[in-house]
Structures are given as structure tokens and as C-alpha cells.
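The two complexes that follow have chain A in common; it is paired with chain B in the first and with chain C in the second.
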Partner chain A sequence: MSAAIEGSPNACEPLLRVEGLRTWFPIRAGILQRTVGNVRAVDNIDFEVAAGETLALVGESGCGKTTVGRSLLRLVEPQAGRVLFDGVDLCTLSKRELIPYRSDIQIVFQDPMASLDPRMRVRDAIAEGMRSFGIGANAAERTERVAALLERVQLDPAWMSRYPHEFSGGQRQRLCIARALAVEPRLIVCDEATSALDVSIQAQILNLLRDLQQDLGLAYLFITHDLGVVRYLADRVAVMYVGEIVEQGPTEQIFERPSHPYTQGLLSAIPSTDPGRRGISARVIGDVPSPANPPDGCRFHPRCPQAFERCGRERPPTYFAGEGSSRCFLSDPAAG
Partner chain B sequence: MSLVEPHVLSNIVVAVLLGGAVAAFAIARRSDLWSQAGRELIGRRPIAIGAIALFVSVAMLDSVAWVGGGGAAGNVLEQSRPRSVVDRMFAPDFKEKSYSAPLADIEFYGGADLSHPGSHLLGTDILGRDVLHLTLKGARVALLIGGLTSLIVIPLALLMGISAGYFGGRIDDIVFFVVSTLASIPTLLLLIALIMVLGHGPVQVCVAMGVTGWVGFCRIVRGETFKLRELDYVQAARALGVSEIGIILRHILPNLMHLVVITFVLLFSGLVLSEAILAYLGIGIDGSWGQMIDQARDELARDPIIWWNLVAASTALFALILSVNFVGDAVRDILDPKTLGEGE
Partner chain C sequence: MIGPVLRIDEVLTTFPAAGTRIPVVDHVSLEVHAGEVLALVGESGCGKSMTALSAMRLVPKPGRVESGNIQLCGRDVLALSVSEMRAMRGGEAAMIFQEPMTSLNPVQTVGAQVVEAIRLHERVSFVEARKRTIEMFDRVQIPDPEQRFGAYPHQLSGGLKQRVMIAMAAAMRPKLLIADEPTTALDVTIQAQILELLRELQRELGTAILLITHDLGVVNELADRIAVMYASRIVEQGERVDVLASARHPYTEGLLRSVPAAARRGEALHEIAGVVPSPSEWPAGCRFSTRCDRVESRCGDAVPTSTQVAPGHTVDCFVVADEVAQ
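And now, the complex of A and B:
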């Protein structure tokens, strides 16, 4: 596969390159617990994130986008593929060897209520990562850093001896961001990080993330189903469908000239403020197929309004066009 | 003669327990969650807590013993025996020849004069021992059964349950095999067999009850650990490079503590009651309330019946169990994260 490097003019090697990542969950049954099938949560996906860039990973619920994020951090173990971070394949490292690399990639979760230990003070929660990576010489220095981090995420440093339940949802999400920042990561996986928040709070968090990116040169893998957020924040977009990336490209291109019928369907589902365009019927009908038993051929063909005979027979390869790529026969440059 | 005299060991245990209680109090005071829970508990169940405190102090006073200081005059055997603070509250020769009713002036059978007429508040038993004295001494045995057995059950169940729930796979299979096997043997039979093998002493009975009692709590711990392991804050800690042991000690264990407290309280009353059953089968601990109740089997058959022995032991047992259960319910309400207002 040709390494198409988009959006990173200054580096030939992207910060993160994922090649052929596959995370299947076995389905066991019977007395002997034999594997009778696999949930193909993530099935052979490739993407890249350059330093300081935001890649949005979008798709319906259950398409495997969360599993991608967790596989990168090896919170779930991928079966195959390579996760090259700065040229080091994280998948081949042992758990012990992986630990020093853990500080480079951090994660912010969806549910701000479940992502902080209810019995740990904010100071200890944020300092936990510093302790394991030896950042800050002693407790006093770490406390100083915690104060600076709280200020950085626009929280009062005086609150550091409080417990998480004393904070609101948006404040907790700031705490989670501060905890991730504490170990000086270069990539943050935001797993639906704003989905559980009110719209006004969501905007604050998105602005905070954007400011942090500008100041610290962070890269984000922004996992979401909210296309409005994607348009606001992302440099590039990867669209996932049943464990595969079906289309990838710069945000502008994806939103203005989507080439995959699934992307077109997703975009048409955004409610429009233009009265003339209101009432467009959903172009994607039916339910997401089970990743345990994906359809033959193109995985989208049973729901695709433009499907033809070949789609049910063959799996479309990834066609590259300009800065984007699409997994649809309609994008085949040879077919015109 | 063993290396340490039993009463010296007992004194040391009391000192350690007192030290532990002070340390636990100091730690709990530092934590808002625990000190708030403690204040609320005392506010909700003042009488039950007072009753438990009374039982505990009687048991403690009965555990501090030393030799000398006025035994029965001239009796060398009596004088070389260590006597506890509770023993010292009664005169050394505060005994009769046989049964006497509460505050009676004469013996129950025969009507001979008592050596301490009108002073046995709860009467005397078949050997002429003061029933109030025996009942007070029973508190120590009851707390020993509940406390020592819990001290065996809880660490064992935590160790097995956390390793099964956290690491899963083969370890889980092994632990669950042991748990299922133990759970499928009738508890009482296993208890009797273990006591036959280990012997009759109080520590042996506690060990036997501990070995049979950890299974239920282990299941709860395993399930809860399984749930906690998948929570986002544990995943975040893993992403932050915290070691497995660090995650267990800093995130899993503190979030299991409310279960430990609740289980301790509920386990405790169950254990004290099951000792009464063991006593009924003749394999209980000497000096327990269960044994006093067991003796009453014969006494109730007499005419007129001898009731004070049974009533004293049952009332003491009832009061302790009731208070512990009241406190247990309150503890469960208070420590439930939902009612404490943390989490959703």
C-alpha cells in the first residue's frame, strides 16, 4: 500500500501509522468453550495521524470506532496489524516494554462520571500518571504541576483536594483532560469525549481541546458520531462502517464532495437549517449488520441506495483519489 | 508450657486491637467520605452502637488478665490462675454449691443457705457459678468468634475474589472450581469434620468456620472486581502506566471497601449464631452463650424449670445480634455510593 501522507507537509513519517489493525472478539460456546465465530469489531483498517493534527473517526454506534481507540492503547489486544507510533510498533512490545510508551498516547473517555475513581482526590488522580512515569521529583513538585494543569484546563487549583462527585460533568471532563495532559502525551484519543455533555459545555470543551492543540502541538484521534463536532475540529475524517474504514479524506472534501454512498447517507442525516432542504428522507435505511456476521461483498451493499450486482459478490478495494480514499466500486478511477 | 502464656497473648491482642482502632480512626478522620459516613452512622443508630460499644468494652476488659492480687485465700491453684478485669469485679469465691434463683437467699434444691444470699443478680448455674459473670464472659467468646473468623474470611475472600475477577482466565477457573467444590459440601458436615481434625479450642473453631465461610463473599468480590476492571477509570489508570498491583491497591480495593464493611457486619451476626448451633451439637467453644443455651435443654425439663441461665444467655445473644444487624443495615445505606451522592 502506498503511504499517502496527507496534511503533514513537514514530516515524511506520521506520528501514528496504523496498518491492517484487526481486533476480533471470539464468540465461545459449548462445554469446551470453542470459538464458534468472531465479532469483527475492527477488521483490517489503515490510517495515519500526523503530529499536531486531528483525525476524526466517525460512524454509527457499534461500528467499532471505540475499539479502534482502545486497541491503539492496547486496552484491548489487537489480533493483527501494526500500530507504529514514531516508528515503534506498539503491538509487538511486551506489556512491560510498552509502559514507557504509554505516556505518549492518552485517552479521554465518553462518560465523565465513570472515568474518575470516586474514592480518589482530584490531586491524586491527576498525579497518578506522573508518579508512574517519574514526572516531578517529589510530592510537592507534583502538586505544583497539578495546580498548573488545573489552571490550564480552566479549573480552580484550590479544588484539587476535592472528590470527583463534587464536580459537574463538564468539569469532570476537564479533569480527565488534565489527567491525560499530566504525562505530556503527543496523541490524545478522545473517545466520544463530548457526547455526554450539554451543547454549551460541549462547545467549551471543544474550544479547550483546540487551544491545547495549538499551544502544545497535540494530535487528536477524535472518535465521535457527531458530525457537527467533526466539522468544527477535524483536519481529516475517516468514516467507519462495520469494522472497516469506508472513506477517508480532508474534512472539507468529505463534507463537500463525499464519494462513498455511506458517507453521503450520514451527511444527509444532519438536520438542515435551510428550509428548502428540509424533509429529505434518510438515504440509509435499515439497521447496521452484525459485525459477527458481516454481509458478503461490500459490507454496505444491503443498505446502499446505489448498489449493483457486483457489490454483493466482491469486496471493493480501497481506491485512492487525490488526498482521500474510498472503498466503493463507484470510486474506481478505471471505471470512470 | 507454651512460649507465651495465653493471658499475656490475650493482653497483647487487646493492645494491638486498641492501637489498630486508634489508627483506623485517625485514617478515617482524614477522609471526608469515611468521617461523614461515621457521623451519619452514629446519628442514625445511637442505641445499637452504644450496645455494641458496651459488648466490646466488656470483651476487652475480660481479655486483660494478670496473675495474683487476692485469689481465694489459701488456694494455691486459684491464686496462680490469671484473672481478667471482669473476673476481678466479682469476689474470688463468689460461688454456690448448685442452682439458685436470681436474688434468692437459699439454694434452689434443698433450700440450704447460700454463702452470698441475695447477691446473685441472675442466679447461679448447676455448678453454682454466677450467671451474670458467665454472661459477661460470653461476650468475649462471641466477639472472638465473629472477629477472628471475619479476620480469616475477609482477607481470604478478597485475595481469591480479586485475583479471579481481575486476572480472569485460568486463575478464575481455578478459584471458581475451589469455590464451587466448597459450596457443594454441606457446610455443617464440613464444619464438624474440620473441628474433629483441628481440635476443639476457640481458635480452631474460628479457623473451621473461616474455611467454610469465605465462599459467599468471594463470589461477591469476584463479581464486583469484574465490573470495576472494565470501568473507564481503571482503563485510564492502565493507559497511565500504573502497574496491575497499583491498580488493584489504588482503584479496585478502595472501591470494594464498602462491601467489606457491609459483609463484615452481616457475617459477624451469622457467625455468632452458627456457634450456637455448633454448641448445640456439642462442638462449640467453652464459655459461649451457645453453650449456656445448650445446657438449658436439661434445665427446661426440670420442674420447676430453671430459666435464668437460658434467659440471660439468649438476651445477651439477641441484643448483640440485633444491634449488629441494625448497624449493618445503616452501614449498607450509608456506604452505598448511590445514597452517599457520589456517582450516578
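And now, the complex of A and C:
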């Protein structure tokens, strides 16, 4: 993917590098509201997103993928770890110092109706961010930019004085994308951005996101539970399970030769639309454990079809092999 | 039993809006035979849930079934008394929904709710009904069924709640199970478990299933036959392999091609232009004509009727009908 990386202090440095990110939510109880435990939503994870690249963060509900996205923007405060954007650790910045980076990283949520102010005209919703970041010299110039952005997301610029409720679900998601683009971001976090849409509308939005990436060199952190979308869109994939990244690698590798038993189970559970390929398997048994009380050892071992004694005792480290990594004793190259 | 378990014939269900009545189920006909799974597929608002609710006489007011004929287990649904219909629901025909949380009573244990359902239909003692409930829980693979009997819905995960709903639905050994998006709210690993369970139940009990879903993967996994709905009408119907491998209606074709899993990376996904029109914007003639890439001038003149393209495979499209005639 051709991407504009000039302007970054070090060309080898990825656009975003996350190291040891940890976001726990305290559980308080009693009159004194003492902390009695923690929901380990994000527990010590590392990943990178290069400029112009799409990293998909996949996992089931409650695995912490949304908290990762929110932690990057410090919409929730991480307790530990570094979020390096262009080499600058966003976690050490004051609220004031953080402001300029808020235009670099934008987020698009699942439910566009909930993220658009119902009483704000489309023009104002899109221009609001531009005003805060001083993009466009005056109102007329900003309106002109709004028109161009609407056209960019294939909406009629004449609709800019309408309200969000006058648009369909897919059109509203286009509005959210236009609003994100308005402040010229370099990374867009898409948090289940197409999950609420019907498949024919989802296809339109995915095509739009793909075109925007090619034209503007955007990087995406694509948070989703839909593996079909991941395979179509992502360059690399990180699979999350109960607050941890259990496997990471290039999309082809993850889908063709998954290493971690959880990834294998996840892939074998996706129903195909190919009439010749029927027979998903429910090899991952039971339910996802609570991140407030994760199992000892490997967090996946109670559901793992390949678990052995060591898995319940010891937490597997992350083993690296080629471009991928896997957090499973079976991936230990020393074990053969 | 002779004949289909469920037979819906030319059913018209309408809702009032802006001085007229809008058809949400527009002359829909389908049959579900004993032991078979028919999937009713379509995007949001196409009328697939309303078709199922019409069959159960559960269309919420002010909607109503205007005309047509519905035969459930050989009985004329529209002619049954309220109490006869009530006995049928949960007895010969059961239903499960997308959100088990909203179908279960939050202040009653799940066991008590299944017991209540059994005792509504059969004169059995509490002890007997409890025994059967625990057997049912065991059958739908709820771990520690004795313990779970006394659990409240909020204490169970989404997958377990859906298992409770299935246990309740299957307790009376229904001839027909209507499953309305039964796995849509579940994670993919849990979805796989529930689909496997439904398939087992259907095999063991011979229950016919009317599966309502928007997920073409789920359809492929479970269905024997498929009916595709668009804007309140069925546009294509046939055997699973025929519809998925040789779809003929331009809508079905487009839908299948817009699934990302089927596309190659880097290639543009197929798009169906525009959005599903609201009933007030329905075009005259074929309702898909405004989005169709094979549209001809006559498509706006009249509503196409069903043409058989292969045995048991019908398509409502003028262009396809001509191809078949040639």
C-alpha cells in the first residue's frame, strides 16, 4: 500500500505502536467503595499499525477490543503501557498537549445514530471538528469543505442542512466517516463500524473505506467480531481473548494457517455461504470467562480442545515466528 | 401427518400508515414440511419476522392479517378461537427469538418458567414438570441442569439463556419451531454451539424449523430450503444448493455477491445500489426494479409472478422468466 510517511520523525517507526497497554476497571464494593477486584479489560498488549495499513482487532464480546480503541484516544485512561503515535507517547501528555493528536486519530462507532447529535444539522456536525482544530479560515470555507466531504462519501452535498434522522443507517455511517475525515486524521479507529448494517449496505461502506485508504493513505484499526469482513479488508490481524492478544499475523497466514487453538476454533465456527462447504464445528466449548476473574494459566485453557496440564498452571508467553506471534505453548519453537 | 406442517397461502398482512394500509407481508406463500428446515432470508424490514408472526397470529396491533390462508398442523389458524390458538402456541408450534433476555421473565427462575410452560399445556404435577425440565436442560447441554434450574436469567450467559429458550420450546415436542434470528446476538463460537444443538433437536425430534435470519452463512449451515424476501414479497424460493449456487433473482445474486467472505481481498465488493425503499417509496411493478442492474421498462408496469426455473426453484422476475421460456 502506498502511504505518505514523510513527516514522521523516523521512517522505520510505525505510525502507531502500542506497548504493554493495560486498562483495568476497578470493581468497587461496600460503603467505603473499596476496590475489591479489577475487570482486566485490556491486559498488557502490544501491537503496531503502519501508515496506510489496516490492522483488524478481532474477538468475541467482552474480550476488550473496544477498550483498546478507547484507550488509544484516552477516552478511558490506561493504567500502564505506552501508546506511541509518531514516536510520541500519548499516555504521558497532559490533556492540553493531547489536543492536537485528537485530530490525527479519529473514531467511527457502530451506531451512527448514537454518535450524531440529533439536533445538529449535518453541516454543523461535520464542521464542528474543523472549527476546533482551526481547519478552514471562515464559515464559508468550512461549508465548502463539508460539501466536498459529503461528495467524498457519496452523499449529495445539497443534504447538508438536513438532520441525521432524515438519513438511512448506511447514510448516517457515511456522515460519521465524513465527520472523521473533516479533521484530516491519519488513523481511524473503526469500532464495529459496519456491524449494524445489512449486508448490501455493509458492502457499500467497506468499499468506501477501501477507496478512502487508497486515496488518502489512511491507517485503520478495524475492531470487529466479523471475520468475513476482516479477511476482506485487513492487512494484518490481531486476535484478542479475555484482555490479551493471543495471536497476531498477516491476514493470509491467520486465515490459512492459524497457530493458536482459539483462532482455529473461531475460524472453524464461521458458517460459509458456499453451498459445497457446510459443517462448522463447535470445537470451542463453553462460554467466554469473565475478565474480572480470568482463569489461571492460559486464559483459553478451560475451552481449549488441545489443553494439557501445563496450560492450567502457567501462563504461556508470546512466541514469535516469522511475521506472526502466538501465545500458546504449542507454538513454542523449542518444543518442536 | 399428511401435508406440510405449516402452509401459508397468499397471506396479506397490513399496518395502517398515513391513511392507507401498508402491506408488510404481501401475498406470501410458503410451506414447511415435517422434519425440514426452511430459511426465510432477507434484510431488515423485509417482512420476514412479520410472516412468522402472522403464522402464529401474533401480529401486533394495529397490524392485521387481511387475507390469505394459514394452515398449521392441518388446522386453519385464522379460524381458531383465542384459546385454541393459545394452546397451539408453545404446544404444536413454538417460537424462539433473537434476544433471549427479553423473552425470559427477569424475576423468575428459568426452571420455574419452563415448568410453567409445561403445565400450561399438560396436566402434570410440579414435581413431574420439574423432572422434565431438568431432563430438557440436560438435553440442550446446559451444564449442571439441577443447579441451573434455580438460576435467574441475569445469572446466565447469552448462550445459556438461548439454550433455556430452546429447552422451553422443545419441551412440548412441537411439530414446528419458528426460530427468529436465534443466533444473531451471540458470538460466533456460541453460535456454532447453538446451530449444532438446533440441528440435533431437529434430527432427534423430527421438528420442522422455520428459520428467520439475515445471515446467509447460518442459512447454508442449517437450511434444507430457502425463501428470499424483499420488500414484503418472496422473490426466490428453492433448495439450499439451488438458491446459493445458482441464484437467479438479481436481488439474491447481488446479496450473495456482497458478502465479504466470498470476495477476494483488494477487489471491490459487489454493491446493490441505493437502499431498501420504504413502503411509501415502493415503485410500481417489481419492487426491486429501482435497484436492479437488469431492469427493463416493463419491470415498472406489473408485479412479476413466480416462474419455475428448475424443479422446486421459483423466481419472481420478468427477465428470468423470459430466459427460462427460451
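The rule is simple: the second predicted complex is superposed on the first by the 319 of 336 C-alpha atoms of A that agree within 3 Å, B and C clash if a C-alpha of one lies under 4 Å from a C-alpha of the other, contacts with A are read in each partner's own complex, and residues count from 1 in each chain.
In this section, contacts are C-beta pairs under 8 Å (C-beta built on N, C-alpha and C of every residue); 3 or more make two chains touch, one makes a residue touch a chain.
As the structure is a prediction and not an experimental result, all values here were calculated from the model.
> Are chain B and chain C a fit on chain A, or do they clash, once the structures share the same frame?
Aligned on chain A, chain C fits beside chain B.
> Looking at A:202, would you say it contacts chain B, chain C, both, or neither? Reply first, second, both or neither.
second
> Applying the touch criterion given at the start, work out whether A:87 contacts chain B, chain C, both or neither, answering first, second, both or neither.
Neither partner.
> Applying the document's definition of touching, compare chain B and chain C: which contacts more of chain A?
Of the two chains, more chain A residues are contacted by C.
> By the touch definition at the top of the document, which applies to A:285: first (chain B), second (chain C), both, or neither?
After superposing on A, A:285 lies in contact with chain C but is clear of chain B.
> Quick check for you: in the superposed arrangement, does A:265 touch first (chain B), second (chain C), both or neither?
Touch status of A:265: second partner only.
> By the touch definition at the top of the document, which applies to A:106: first (chain B), second (chain C), both, or neither?
In the superposition, A:106 touches chain B alone.
> Between the C-alpha centres of chain B and chain C, what angle is subtended at chain A's, in steps of 10°?
With chain A as the vertex, the angle is 80 degrees.
> Which partner does A:128 reach: the first (chain B), the second (chain C), both, or neither?
The first partner, chain B, only.
> Would you check which partner chain A:70 touches, where first means chain B only, second means chain C only, and both and neither mean what they say?
A:70: touches chain B, not chain C.
> For A:119 in the superposed arrangement: first (chain B), second (chain C), both or neither?
First partner only, chain B.
> Of all C-alpha distances between chain B and chain C after superposition, which is the least, in Å?
Chain B and chain C, overlaid via chain A, are at closest 14 Å apart by C-alpha.
> For chain A, which residues lie in the overlap of the chain B contacts and the chain C contacts?
Looking at chain A, the two contact sets are disjoint.
> What does chain A use to touch chain B in their complex?
Going by the criterion above, the answer is residues 70, 73, 75, 99-100, 102-103, 105-107, 109-111, 113-120, 125, 128-129, 132-133, 163-165, 176, 179, 183.
> In their complex, what parts of chain A are in touch with chain C?
Where chain A meets chain C, its residues are 60-61, 168, 170-171, 198-204, 206-207, 210, 225-229, 231-233, 251, 265-266, 268-282, 284-288, 303.
> Quick check: in the complex, which residue numbers of chain C touch chain A?
My answer: residues 43-44, 143, 157, 159-160, 187-193, 195-196, 214-221, 240-241, 244-245, 254-256, 258-263, 265, 268-272, 275-276.
> Would you mind writing out the residues of chain B in touch with chain A in their complex?
Those residues of chain B that touch chain A are 32-33, 231-233, 235-243, 246, 250-251, 254-255, 257, 337, 341-344.
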